[in-house]
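Okay, so subunit A shows up in both of these, paired with subunit B first and subunit C after.
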Partner chain A sequence: MKFFLKILKDFPAYLWSGWGAVASILLFIAFWDVGNQIYGNLVLPSPLETFKTLYAMLHSKDILEQIDITLYRASVGFGLSLLFGSVLGLIAGFFATASMMSRPIVTILVGMPPIAWIVLAMIWFGMGDETVIFTVVVASFPIIFVGALQGTRTLDGELKEMADSFAFPWHMKFIDVYFPHIFSYIFPAWVSGLGMAWKIVIMAELLATSDGMGAELAIARSQLDTPTALALVTIMIGSLMFIEYIILEPIKREVELWRV
Partner chain B sequence: MESLEVKHLTHHFGFTEILHNINFTLKKGEVVSIVGPSGGGKTTLLHLCAGLLDVAEGEVNNSFKTTAFAFQEGRLLPWKNVIENIAIALLARGEKKSVAIQKAQEIALKFGLEEDDFEKFPKDLSGGMKQRVNFARALVVKPSLLFLDEPFSALDIGLKRELYTHLIESCEENDMSILFITHDLIEAIRLSDEILLLEADPGHIVKTFKYDSPKEKRDDAFVYKESAKIVQDKEIIETFKLNTLELK
Partner chain C sequence: MSNQKEEKLHATNHYLYYPDEEDIPPYLAYGFRPIFLLLAPYFILSMALWGLVWSGYLSIPFIDNVLQWHIYEMLFGVLTAGVMAFLTTGLPELFPGMVPLVGKRLKYIMILWIAGRVSFWLIDITGVYLTAILNLTMLAWLIWFAKDVVLDKLQRHASLGYTLVVIFAVEVWFFASVLGWSESNSMSILRVALGAIVVLILLAMRRVNMEAVNELMEDKEIDDIYISHPPLTNLAIFAVTLYTIVGYFYPTNSALGWIALASGASIIAITSDYNLKDKFILNQPYVIYLFWIFMLFGLGYGLIGWSILFNDANGVSSFRHFITAGGLGLAYLMVMITIGWIHTGRHLTSNIYTHFMVFFIVLATFMRGLIPFFEEYSTQLYLWSAIAWVLPFVLYIKVFFRFLLTPRIDGIKG
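On to the complex of A and B.
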């Protein structure tokens, strides 16, 4: 509780430190507009037109439903990866044999292109939620798994010894000695896993389903509707930035005060 | 009567014999130091006595009620601030949090830390301050036996003296015993009732030296006189290989 209050207390100062980021985004939009003036509306619609389309989209019930569908698939897929990746990664990290054996499997999972997984999933599950969710899990699970595994493998033996010398009870050993260290590895893995999930869900939808934001993107492509395509991209990037910079980053700063 | 008894203790790492037939007894209120060259098995012996390593051959009987350990390199939890690092030793013993924090603050002040430092994380502390926290953490539990693993070796002479004084005081007040390892003979003479000389390959005790005079009365003159005497000792010369350093 105290911890969350502290995050809220430091939040305005954190937001205030974001002016540099805002300036850089505005600069990016300026370059975008230059691109529009050079290449014309069909290739690259102006930021203004894109944002107008975006505004209209966010007021149409149909698009909001599609966003909902995508959000559902991404969160189920990411949630499963989070749960299984963290738990299995921790377990694998605590046993030398398990971590040794899991390495090649992780390499296979990471090395296989997501597009190949989509094809397989389409054969296995057909065109629907399962295919998308499966692909999301396959793409973001290994990232989280490796994060958890690394965190457990790199635990400091000297601190363990210290904990033993003071006869820490097991729950203190976990909460005060192991957890903060593991968390500093697993949390960034969650963040990249989330980014991965969000990207893959769109791709899988584009190829394998008839609803969701990915499918909308496919329709925009077939109709050469560039403003809609860009507006959809803006939604995707905007939501990812919101989650990463407004929700996760403040937590990360508070949790890792001891590091920097 | 609380005591630490080590009988016929032998220890191997793989096929290498690290310690061979170690015997000694540490009684309540005594300070015993183990001196010897680096790599002689001192740390292994201390870890066996403290129960951080499993005894394979021989016996270690520790009847002291509470023990604490001060390590050479501090070993503070990097994600906890100064007070939390000290209080955690008490929390591990089931002390209430508010009480633990209060005791931690008291002992931190006694060990020369300032209130401004209380909230600092170990990364913001100097080496000396880390060691103050390390000692405070070990002594806050009022151990009846304290293990010290060369915790003075990287400290300046002023801070060393300050910590010696704290230790001698704790011994007097709480009848605390200390088992510590060092390669500094002067330090050993200042603090110990008994010095065990450990020769390497495999580590075994070649000689013991006893000092009876009260520790708080050991002034510089006494310590330097005794150190001058001890470096003339045949076993000391051989164990530390002092003769090879002489100018020809």
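On to the complex of A and C.
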């Protein structure tokens, strides 16, 4: 509880420190605008036009439904990877044999291009939710698994010994000794897993389904509707930035405070 | 001995050597004193004169373009005074070997500044050449005075010197265009000058901020340290410079609108330094005052960006007052107040007067800057914003003139 209060207390200052980031994004948009002036509206619509399209989109019920579908797929896929990745990774980390065995398998999983997984999934599951969710799981599970594995593998033996010699009760050992260390590994893995899930869900939808934001993007492409395509991209980037910088980063800062 | 020397290097002790000139009157005992004694009344007088000129009661033809010369004077005429106060007070402190400028030499320089102002208001009689020569000489002298900063091996504060050189070049360019030696549009040159001056103020504010905020915390026994991070200031300077250069060549381009928005955001970003690790200082009056300088600059650039994106030329010129009357005005006022307390041997104090001074500048800025939203009241807003903007300097005369006219109360010379 105290932990969350501290995050809330630091939140305004954290938010205010984002002005520098806003400035650099705006400079990037200026650069985009120059691109529009050089290459024309068809190739690269102006930022202002894109944002106007975006505004109109966010007021249309149809698009909101599509966003909803995509969100559902991404969160189920990411939720499954989070659960299995964390649990299996933690367990594997405690046993040297298990971690030794899992290494090459993870390498295979990570090394296989997601686009290949999509093809396989389309054969296995057909065109629908399952294909997309499966691809998301396959892509983000290894990342989280490795993070959790590293977290338990690198636990400091001396700290463990100290905790033992002070005869800490098990819950104290877990909360004060193991948890902060493991969390500082697993949390960044969750963040990258989420980023991966959000990117893969769009790609899978674009290739394998007829609804969701990825499918909308495919339609925009076939109609050469660049403003809509860019507006969709803006929604994706915007939502990812919101989750990463507004929700996860403040937690991460608080969690990793002990490191400095 | 070494202990004493160390103590003298401390920021509030100002200098290692003081010139041994006899009978220096208090108002010439240190660089800032005569400047502030003249600058506060000059702000009031010139606003009154402009009011009379704009409303048509007073006819000063100003060659052919009153607006252009109004901008010139409010930028360059005032700038030399502000820069002089900043340099003559700050440099002996940053470079302890430097001898402060006092007494007769100070008097001559002040006469040069006054001559510059008189020649400006009589420009139709005395001609552009005299104004150009007097004002350029003043700025050139300031750069000469600050040469140690540029020649300093460590280059700690060299950016101030280089920016001054750029401003000098822009002023030469302005006069060249007025005299027909250059094809450039003189109004566009003034916009370039504004950009260069904002850069100079941002550089100077980084130093003023560090000194004022840390002095304040020391006074209030707040155990923390405030550091103004160079990358934030540099980002703001980069954005403002880009805006100024692109704005000169493509004043209505939509990309310029985005750059202006970026400039605004990057200037506001500087305020995130006020967020210290352990202590909360944003409830301290001086921190709030200084905070508003950046907010006004930031709002100005942001609103200008918005107007450029939506093709509102009227908005651009109105919102520019957030930068000029607001940001620059408050920056000058804060330099006047801070130096007025600390360098007359007093603690940095806030009271009802300082609150009102800052409040009126901010109020005047909003009244002047937001005229596009209240067109039907524009006449009243012009008048009342001018009055509100002058009030802080009236209060300055009331509070600070007795400090400026009497010796330091801690017995130190200067």
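By our rule, the second predicted complex is superposed on the first by the 260 of 260 C-alpha atoms of A that agree within 3 Å, B and C clash if a C-alpha of one lies under 4 Å from a C-alpha of the other, contacts with A are read in each partner's own complex, and residues count from 1 in each chain.
One rule holds for everything that comes next: a residue touches a chain if its C-beta (ideal position, glycine included) is under 8 Å from a C-beta of that chain, and two chains touch if they have at least 3 such contacts.
Keep in mind it's a predicted model, so treat the numbers as computed, not measured.
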First (subunit B), second (subunit C), both or neither touched by A:180: first
Subunit B versus subunit C as contact partner of A:130, first or second or both or neither: neither
Contacts of A:19 with subunit B and subunit C, given as first, second, both or neither: second
Partner chain in contact with A:46 - subunit B first, subunit C second, else both or neither: second
Which of subunit B and subunit C A:30 touches, first, second, both or neither: second
Subunit B versus subunit C as contact partner of A:244, first or second or both or neither: neither
Touching partner for A:162 - first (subunit B), second (subunit C), both, neither: first
Contact residues common to both interfaces of subunit A (with subunit B and with subunit C): none
Residues of subunit A defined as touching subunit C within the complex: 13, 16-17, 19-20, 22-24, 26-27, 29-31, 33-34, 37, 46-48
Of all residues in subunit A, those that touch subunit B in their complex: 158-159, 161-162, 164-169, 172, 176-177, 180-181, 257-259
Subunit A partner contacts - residues on subunit B that touch it in the complex: 47, 50-52, 67-69, 71, 73, 75, 77-80, 88-89, 91-93, 121-123, 137, 141, 147
Subunit C to subunit A touching residues, read off their complex: 232, 235-236, 239, 242, 253-256, 258-259, 261-263, 265-266, 268-269, 271-272, 275, 309
